[in-house]
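Encoded as structure tokens, here's the structure I'll be asking about.
Think of it as A, B, C and D in the order they're written, each chain with its own count starting at 1.
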Amino acid sequence: MFPTTHVTLRSLSVASKCVVLLPRGGRLSHPGVGVYSHRTLATKRIKAVKLNEEERKSKLKPLLQEAKWSMVDGRDAIKKTFTFTDFNQAWGWMNQVALAGEKIDHHPEWFNVYNRVEVTWSTHDCSGLSLKDIKMATFCDKTHKTS
Amino acid sequence: MFPTTHVTLRSLSVASKCVVLLPRGGRLSHPGVGVYSHRTLATKRIKAVKLNEEERKSKLKPLLQEAKWSMVDGRDAIKKTFTFTDFNQAWGWMNQVALAGEKIDHHPEWFNVYNRVEVTWSTHDCSGLSLKDIKMATFCDKTHKTS
Amino acid sequence: MFPTTHVTLRSLSVASKCVVLLPRGGRLSHPGVGVYSHRTLATKRIKAVKLNEEERKSKLKPLLQEAKWSMVDGRDAIKKTFTFTDFNQAWGWMNQVALAGEKIDHHPEWFNVYNRVEVTWSTHDCSGLSLKDIKMATFCDKTHKTS
Amino acid sequence: MFPTTHVTLRSLSVASKCVVLLPRGGRLSHPGVGVYSHRTLATKRIKAVKLNEEERKSKLKPLLQEAKWSMVDGRDAIKKTFTFTDFNQAWGWMNQVALAGEKIDHHPEWFNVYNRVEVTWSTHDCSGLSLKDIKMATFCDKTHKTS
């Protein structure tokens, strides 16, 4: 389902069967409007809306309980500190995160000094945690493990 | 097939004032429908099909004649050598190109030694030059000028 | 002139004509001892000792007054916020700073979010500002101007 | 010419107990002179002279036989192709190699397309393989294994 925050009717007089085909055949639906996008857009369009209760339980909780992310005081945001052998390793990893973030138009708040990187994820567009943050936090863990 | 306008009506019974707002305010228009996307989505949707004659004339020719790109022998591909003061500058620029390419899923063929970078653009998906190559070559020139 | 803090005689019984050639022909002189290094070593050997009064006046003051660096509260450290068009430009620049820092074994404390980079320079080895910080702050300004 | 020991006496009349302390306490010894540098300087001072027979046997041979580097036709240079899961991983790794190379003023000749990086090492200063190439090739293997 496509969130109202991303696809908003400007006029309620719009026909309810408006259908728009987007490139490469993928589809992005919106109840009542029916707007479709292709796979790449789907990737881009990871929901930038706040996680709902079910998502917090199934996706955020594991990051907090198993992957050692923690909530930021006073914000709907998560943070974690990653350490490396030296600056060289930290920087190689930061470049991986930078590329992955740029790909989905989602950038970290991060502080680095030498072999240490403190990363905070939150979504400006929804003033809180979205699936984009879940995706990027997971990417951080996965690439950190193997770097 | 990839629609020229990137947005095609499936049903003509749609209201002519249907307006869909996509994130961050950018817009993608379609005559008669008015579906708007933001700039980034538009970027992703660069066609990965071979340039047609009109595009070769209007977009490729200037790169070859004014921006000093040249055709690669035996391939529908363009290349250019960029030089910098030192490796530091070359590497900063290469990181810009890497990010920009990752963003639209389009990567260079490039050779680097010290302050010199030889870049070749071609699109695997269509075995030749596409609008993605035009875009990336233009990005290379633009960022090289200012770095 | 090469500072005594970097080249110190352990024994005053040393011959005054001791000459040591270092790679690539560059030279690092020390009055009375004559130890020579090449340019790269000289770069590496930027003093990691606290700036003296003269250096604060001639080198730190211009950064604070003209280049808009400011002292960090409660620390002998300087900071400055750099902004760019977007993440792409910020990241290209950060890679230049990363390379330059690695070259002289001196790394920033920096915070980045999207197109903004807050950089702090201070030298761990001397618990305060050293010539390394002056050099890196200057590098930041120079590359920011041209990026 | 680059001295074998990296420190060469210009005058034999020098006192045998000349001791020069370099920053951070590391030391570079020279029999009869006793000039000491710290670890970083030692790193910088990898010999940029052609490998001798003994070095080719003990250091180059293992790279060719076990680590799958191969000699470049018609040049005293070695090459190897590294592959990764995708561009993201390749680029993270290339950034590590870039930093490591910049640190010892030694840069690769490399070609990249997507997840593949062809690396060639050779030393311009001596028109052939030096210990710098051995060091960087080893770094490539070590970081590739763990990335």
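Note that a residue touches a chain if its C-beta (ideal position, glycine included) is under 8 Å from a C-beta of that chain, and two chains touch if they have at least 3 such contacts.
Everything numeric here is computed off the predicted structure, so don't read it as measured data.
Just one of A-D, A-C or B-C has an interface built like that of B-D, with over half of its contact pairs in common by residue number: A-C. Centroids built from CA atoms put chain D at 41 Å from chain A. Note on chain placement: the centre of chain A and the centre of chain B lie 25 Å apart, centres being C-alpha means. Averaged Cα coordinates give chain A a centre that lies 38 Å from the centre of chain C.
In chain B, the positions touching at least two other chains are 87-88, 91, 95, 98-99, 102.
Chain contact topology: the protein chains form a complete graph, every chain touching every other one.
Put simply, chain C touches chain A in their complex at residues 87-88, 91, 95, 98, 101-102, 107-114. Contacts from chain A toward chain B in the complex involve residues 6-11, 13-15, 17-24, 30, 33, 35, 40-41, 44, 48, 95, 98-99, 102-103, 105, 125. Partner chain A is touched in their complex by these residues of chain D: 87-89, 91-93, 95-96, 99-100, 143, 146-147.
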